[in-house]
């Protein structure tokens, strides 16, 4: 079951059986302060959303500055390269880690000189019609340097809007600035998921796609200025007060006049990614008016209602499943405790275990707490099962630790469908629930019983505390995508991440 | 209270108000396997004991090989520098991170050519008569390259034993090999704490001081050979079965004949460091027959008995105080939950917050879970308070998160005395409990109430599950040191770490 | 006179009083061989033309690959980054070193994805209408990533030619491929100096501006295929036979059909840079049918005829003025010998001399050979004087070495005008011959006499061995520019290198 | 003939057929100045003596400081690591580059804490009884960290002198300080070549072996203080006035009292290495009262007398043979000119030529100047032939360049014997003149004729300008060694560089 060992013990690896968020983004207009410094600490707080590369671009109203690099934010930045990033305007970006295709060329933010001064873009999400947009750009004579959506967005914004829409920008109903017109033109053409922060010489913009697939929130600094971030935890970290979320289809502008908002396009069916609640977002972040940690506790409670177990103790897979395990235990009236210790010094290692160690690589990351487990019937709560590669070894480890029974409970439904909207989920054939039914999965992972939360249960638990009757994207569970996905993207074993620039950027 | 901001947000910094373990050590004699590869994964499991530098030295019975460097073990090693470390014998070392005095020269293990072939030493602990031993070495004409005890031990072992003892080695009662004679001569002269792994061309030795101040355990590989490690978690990680602890005063030898043991010196009053239970050891490690996680839960239970609180919920400071908090909650019958989220992407950052961010640096590391805290009377369990620099900001943060009351409970007694046996505790004047009584500390940190565990309570909870009527060092709580400390070391604001080589190694 | 000390002792620094060549370029279509490996050794041979950065881009007919970085070619490349550059097509580039404005973003070659596959450009020279071309690109909506002409050329080639010319490409008279049409459209618009190597998926192109301002030659591999290089020395290094120079206005194409040539634009007055003969080109390179070393000897002979000196020995400033000194000595019948030793371990140092050492920094690079100089009347031959910053210290050093008289002879005319065609000469106000007449310069540098070669003498010596009645650009000596220079570029203290992207790329 | 291709095109490689100097050393006592900064520029001037590693150790009278690293001096040092090297006392060291055995552990200077404060040693030369001295050290119980003689010297100096001599230091005849006594004890025991600079807390010492095998000179700063350096060119570079050479057997001391001198041991037959004149020393250095460049010109003149040639022009292999070629041409009355261009951007490259390029690797470094060579009968002067690996390709290259005849003349005798006194010459079997007679060598290298300088001719030319009737070591030519060489060192294919620490430092 663990035949293909991954060299990395990092959270962002196949050994960790989770999908990968594409990015975390940030933007700031903060008069009198160095926006780059705030951006650094915001990226630090958003590090869980992307560990491949980090970057910051700033403007002081005259010139623009940028630095980016491969690695964690505290590996990429030091005082020597942060200090030259002058100015009170900034955008910033964390990009997630893939194997092999990661390249400096794809680091963000993407910053260019345009006819109207500097233009930079940080993007979270995935456009679903990138191929068509790239084609249009190339045939206009644009040259593409990377395989990122960020570059596509930037180059579309660099051109006059009528190039894309065929008509002069409609400026009758309201007064739009140059960039708002271009952003609006882009929104007319782009399909898919995008939360954007955009830097120009004098303003920072925040944009969210009409479905609101990826989060983006707005904060206010006590000493003036506003900020944008993928999650509210970044606001907390830098001392900003939470104002509200950017609305689906909205364009907010932060500049010397403060905060202004215009409609970029008409909002459509709300479809915030439900995996943000299940796993991605930091537990202390606030989405739709509720703290994620609380939602995860509710998911655990609902799971206990739907999938009870006759057991002695409840443990969670550290660290992401702990809130659900606490909720499960409280609901069912069992003792919650810790049953597995995880090596905190995560990070990439390039050392290959020898043959004997490979037989049991789960030991390199987890240790069972034998005193807590010995002779116990254990409920092991996990937040999700994607490829199913770690569940088996974990169940075996808990049995090794002395547990008499292991009942696996999952605080989300079976993942059966790939994501095309900004999550690196796996290809269809890699999804264990695409290949097997629950009984077979239970056998594969060697559990005494296995229970998933139902789709309805999950959505109800999410909606219960939300500040509005909110729609959520659950396509990876249900197969019902909020937007039309090009047929070719459904090809087995192909993901948007590897679809473009083939034959050009071959490394 | 947080006037002096530390640049680092790492666990191993003043912002994290914990003492620092000096080191983790490892040794292996594993026929047919590459000992360096096992050593790598063992160091990885012992990373919490030292993050400054890492090193491995090996022997293949003919030649010796070594590599060491500054940083975490997965930063120091890659396949290119690990592969040349041939052989089935290895010792290895993690060294902790200090500010400023860290230097490549002090990285371990220390490996030399001796008259009898290669000789390497990895050391955990602190000798208390290093100054006198260095003096003796220098006046013999030895040259010292570093300020480490490891070098002192190595050079003492390199010389014939009669040089130190003045008499020929006593070999009447039993047959000692060359190195055992030298180790025994060393043990006659050395005072203080030392757990050692020693590499020669053909054997690996494990040694523990007569008090057993620092841990050292012994494991067996299923396919032959033995290993030594500071903690049992390293055994689990590399698939070794736990055999037993090395005894105080014992010398174990791992070589082609298997495992042999001789007495190095007569054991004295047992004095395993109680802080290993309170904070240092990984919760999944086994000490004196009991899993540390279980001891910490008992410390929490005892704390609840001694220092109850009228409250709604119990939370722990993540991650180290969580077991005690679970125990406290279970004992007192309150709901255990999470109240603070900690940024998992710890690691050194060299970026200085600006003036506004400095007011509230605790936010850079922790976020309160407001839904869990709002309107609640909260018991905040911490495992220890050393300088007291983080408790105040944490209490304030929890109040910001909506808590109506914050009752701080500490699962160890007040720390009032420095350690001279291998822990970087702080100088006396920096210890908040040395300066203030508990009422004043409570006021300083802004808590509604403050309660420490009693010394007796702590020792009882530790002893309860131990496999022998064991003595423990609690000098940092009680001031009663198991060994005589040279008077000059008691000087205010001076620690053993900075006492030697002044005027030579000035950087 | 040496008030402003440069930190660098490198050849490419103000302490070395020479103008700087902008670049060396290379291109190869070599079936059956790895073009990148040839490109590496070619860049190695062209290192004198640029030391700031180096880069190679390749194509294997399917995909394109590239690597570039800051530093010398052997610092930028190793087997690990060279090996992935597959394919039998390559272009390559060395860029020269400036102080401050050097930046990874400006490293070449510039490689993009275009509508017709990969497109890469390596450029030697300077366009004089870059500002206008950038403006056109930006207003089409292109985004610019750098301040290089290479990017401007690449993006112009990426767009359909009619975008720039306003008319459909004229394909009546001959059959032009897609890229030849675009190159021709570019040549219609571009002013200034450009030698280009261009990479597409299936072909490599070589282009030279209609004046032939910068050199470009063509070679043939014995085992098939052709190469392009700035200088013939690169052909020799990689074992290619010299074929001919690329003609002004010509477009050559190297592909599976071998070598083909079309006219890109009508050639204008030939104007090969005369400084290539005076200083830039390697002495072993062949230009216009003659070896540069021989031309420099002739310049020295002509200098002896025009500016004889009553002296005992002739020495040259090593290494560039040695051929002229040999020629001077042979013509006038004096002994040629060496009088100065130069530290061969050139390279950037970032160590500042202390106050005393600064008084005499010439010593850090040169030592007088006192036995050769003592009591002698010395002719010191230099190839050129630009800022005049080193001549004074050298004269003083030779006097220190015991010379009784020092007569400075310069094998080129006074440099009085800046270059706008690809040479980083200095701004007008920095040119000593712009500020002072020869008598004053002689006094400033403390020589007993000073003599420059005449403009006519220089041009005659150059033409004497040339294979055609060739025109040369001598604008820096005469002020007669072969092309119209925009008025704003004449501004004091401004050079093309710093003119663009201000307010965007502020670092 | 070029079967074994070396990857490196550096001067310090087999492709460059020269022996390798072991080291350059420096010492300074310069009140009121930062000695490290002077040391840096001195190392820069001595770079030709060693390119593997560089290091500086300093003292400010209180503490000692050091930094060393692999690479050229300007790669090892920057302001950040130089600035902390406080103090007005310094020693410094350049070490030469070998293939494979180079290791950071062997970088110099070696600095330790001794019973009397810091002690550092920089060493140029090779002891011939190192094996015996290491044995004595190890059996005293010293531990050795490296395979360098520097460590051996340091550890011998660290011990009381009676340990080595068996008697109390003789202090009757004159007043020796502690370190002078120890240095004298060392000199009693050590055989072989050593020039040393030694750093203690308060003084810098300079020491030269009784034969004076390796050079060491003394300089005075105009603003006070003295310096020591391997060659006078370093004095010139840092503005020091040449005082005199340190005498064979002498110990000079630089401290607050100025310069003092004592006899370390009785001088023996003078034996300065004649290869310093032939190749090693910089041409601008002064040895025994004469400038090396002048000596090389005389070697060339004598060569012309002994080995005339009927030819048209005289050229030298650049750069080292140029002075001899100038002398040869002047003596015989032929035109001296340049016939080969050498790529100035030397430095290590790790890129392997492909199969075709390997056939003719000499092209990667040299280009013939065809206009100078065409149809000419050429005398090619080289300074020495060691392995004979480059002479053949160079002759072929000159023929390719059009020469009708090539007459090779060598300004030193055939090298037939290895060196054991500090020069990495090659093993006996690798020396072409050990294997073949001159007729055969001439055939092997494809020359029309070959002529070596006679031993007597060489020694006469050297002695002619020397300030004393001086003896020189010419063992590599004559086989007459000035000191007894242990028999085992004569083993074929074994050099002192690889003789020690086998089985310990195996990497």
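Every chain is named by a letter (A, B, C and D) in the order it is written, and numbering of its residues begins at 1.
Keep this in mind: a contact is a pair of C-beta atoms (placed from the backbone, for glycine too) under 8 Å apart; a residue touches a chain by one contact, two chains touch by 3 or more.
Please read all numbers here as calculations on a predicted model, not as lab measurements.
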{"item": "Neighbouring chains shared between chain A and chain C, ordered by label", "value": "none"}
{"item": "Far-end chain from chain B, centres as C-alpha averages", "value": "C"}
{"item": "Inter-centroid spacing, chain D versus chain B (mean Cα positions, whole Å)", "value": "49"}
{"item": "For chain C paired with chain D, centre-to-centre distance based on mean C-alpha positions, whole Å", "value": "37"}
{"item": "Distance from the mean Cα position of chain C to that of chain B, given in whole angstrom", "value": "61"}
{"item": "Set of chain C residues in contact with two or more other chains", "value": "none"}
{"item": "Chain contact graph, described as a line, ring, star, complete graph or other shape", "value": "ring"}
{"item": "Chain pairs that touch, as defined at the top of this document", "value": "A-B, A-C, B-D, C-D"}
{"item": "In the complex, chain B residues that touch chain A", "value": "9, 11, 33-34, 37-38, 40-41, 44-45, 47-48, 51, 72-75, 77-79, 82, 223, 233, 236-239, 282-284, 290-291, 293-294, 297, 319, 322-323, 326, 330, 335-338, 341, 343-354, 356-357, 359-360, 363-364, 367-372"}
{"item": "Residue ranges of chain C in contact with chain A within the complex", "value": "62-65, 84, 86, 112-115, 117-119, 135, 138-145, 154-155, 158-160, 163, 201, 501-507"}
